[in-house]
């Protein structure tokens, strides 16, 4: 029964570009899809491994920038001479994921040393430093003037220019990420992460190594967010330091928490709501500030009335 | 050498306000264990209140200042009462999210009310700077420095010499025992949040006229507040005071000798570096062994 | 053969010396009980041995390996597993999941294999599940497998704790007041369970206040007072030791002496 509904749901999703005439709406769905991938990755770190990371957009942005730069090729004269020729986009995307994963490794190791609220602050600081580097290291990143004309993904002769193919690409990546996370969560590694989050002294007493699993959660989570970032870079084809703004981390966090952290469906539900909500509000001619006020109030309300998120509340019925 | 002296003087003038921000946050963070994301917004609120009182209502600058601070205290108490009272036993995620929601709502309300255009606030000080030998400093900054010192001193007296202060310190050391001894934790939390917010508003009210007021000014202020708290150690007022000046100095030197674009990064870099080596801050108070 | 050897162990807590110059050994296959009045340093010693606290001085040797400086998880991997004085479970998970977590060290799946969905992962999962059910069965909780750990009655929670520790296949099982809060019939059945655990070849180091249990299951007893050992011998010897009686047993427990 459940499997049937899922297949139906996926089928409808997959067929969307064939009958949806509205290019703008398709664009919104693509961006929402990218955010859902990022939210799923955050859910692994925040929801399952229990790490209060508020710097997730750093991984997204590093993936975006790394992939864009490698696909465009770049030249550096400081700290030493580097010349990198433009590489095919699929390779650039992989490199973007690896770069993000490395950042994840760094954060994972910090998470082990620095706990709780302090870790929250470190994660925020990390993003801000990365953002300021992106703004100031103009030679590499073009600073606020942005990286332009980023090439789209190309497989053989087929180029992912138009919206429908990008939509399917994002949908495909989202499905793959969902499966990966699901496998991880229902396995020995997933149990170890959750055990550490729930009762660390007990978990270590049965041999679960704290560093190993915090780092694992961080690296997988970061690499996935980096993939989302790379998708974004080659779809929107412009990347500027604003991609690191705290408000995007907040958006991802809202998606995960209101959807239901620590559940597989949570980030998807949250992502759909908060990805599509701004469009709904815009259609009702709300000023952008008013939209954000609605977000803020909504967040507070959800936390008060559905403290574990929407999906767990539905599951209890 | 002259340049170095100038940087030090600049840092001195600014450090006091950073200390105010830091003390306010360390009290809230330390006593209530809440990651207060609205701290920056109170800073912005203080600045905007000065704008409203001085520029819109035409009030006297020296009357507006204490009034703006008082309004900040009131807003803090209101926020705590409405948002946090019910969550006093919730886990850190929940309170964090409520605070983030409040922060988003507040900042955008401020944007809606005052528009995004930066507002400048007239101050009654002479425009020409005070020149002392090789260094110079603007009069309004000198004023800010002295008021900040007075406020820091007042806070210190409040925490160490009054009944309220004693209750706050007891709650910080061991909440459960304090409750058992008759301390009304709920009221202490409201007072703490109001005090901390008042200090943030004070910093904003003081710096608003020196710089300008714009809606997202709170974000950087909040970040610096956190840096100061971590520098000084959670719950330590002397630590936050010293931390404020250290941060100001680090920023000045960084901006002067490395690159001005990275001025704001100094706070964040300091946070990361310090926490890597001392996961609980530089002057952290020893927690009670429980 | 000495499985665990403690030599001159000292542990300090912010100026207070909780454990001073402790020396004793646990022989393979035996059940050794650590007794002493509250605050004597028993749990502190436990924490120091299993890596939760850093000792100020002294040596800990387990199965020929030095334990100082090792992480708790490494110590567990060597075969030394402990339970906690206050009920410690994965409260939000089912009893079965709790045991599965306890079986962590028995699994071989790597994260990469998991994500790729390699066939041996699924096979290992079903093996682990079967093993988890066997462990639950051993402590009599098989029927509770799907219940949330937090929802179990107190006595069963304590059994689940021991089961989790057993799942980690310890050579030496360290139990911290396992029957505290249990009624006499629960205590009696736990004593029987302990006998079964012995038969599995597991050495047991026990901290307990319940004298009936201590005298009933132990091969040897070590008595602590104010961080020092004041007696070390068989249960019969301990019962008659004047130091012990003075420090701890007192007149009230005369009736325990057969």
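For reference, chains read A, B and C in written order, and residue numbers begin at 1 within each chain.
The working rule: contacts are C-beta pairs under 8 Å (C-beta built on N, C-alpha and C of every residue); 3 or more make two chains touch, one makes a residue touch a chain.
Owing to the predicted nature of the structure, the values given are computational and were not obtained by experimental measurement.
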item: Chain whose Cα centroid lies nearest the overall Cα centroid; value: A
item: Highest C-beta pair count, chain pair; value: A-B
item: Approximate Å spacing (C-alpha centroids) for the pair chain A, chain B; value: 32
item: Chain A and chain C: spacing of chain centres that average the CA atoms, whole Å; value: 43
item: Centre-to-centre distance between chain C and chain B (centres being mean Cα positions), rounded to whole Å; value: 49
item: Shared interface positions of chain B, touching two or more other chains; value: none
item: Multi-chain contact sites of chain A, meaning residues that touch two or more partners; value: none
item: In the complex, chain B residues that touch chain A; value: 29, 33, 35, 83, 86, 90, 92-94, 96-98, 100-109, 111-112, 219, 223, 226-227, 230, 259, 261-262, 264-265, 267-269, 271-272, 275-276, 279-280
item: For the chain A and chain B complex, residues of the former touching the latter; value: 52, 110, 113-118, 120-122, 124-126, 128-129, 132-133, 135-136, 246, 250, 253-254, 257, 261, 287, 289-290, 292-293, 295-300, 303-304, 307
item: In the complex with chain A, residue positions of chain C that touch it; value: 50, 52, 71-74, 76-77, 81-84, 88-93, 97, 100-102, 104-105, 107, 109, 111, 114-115, 117, 121, 124-125, 128, 164-165, 167-168
item: Chain C contact footprint on chain A (complex, rising order); value: 179-180, 183-184, 187-192, 194-195, 198-199, 201-210, 216, 220
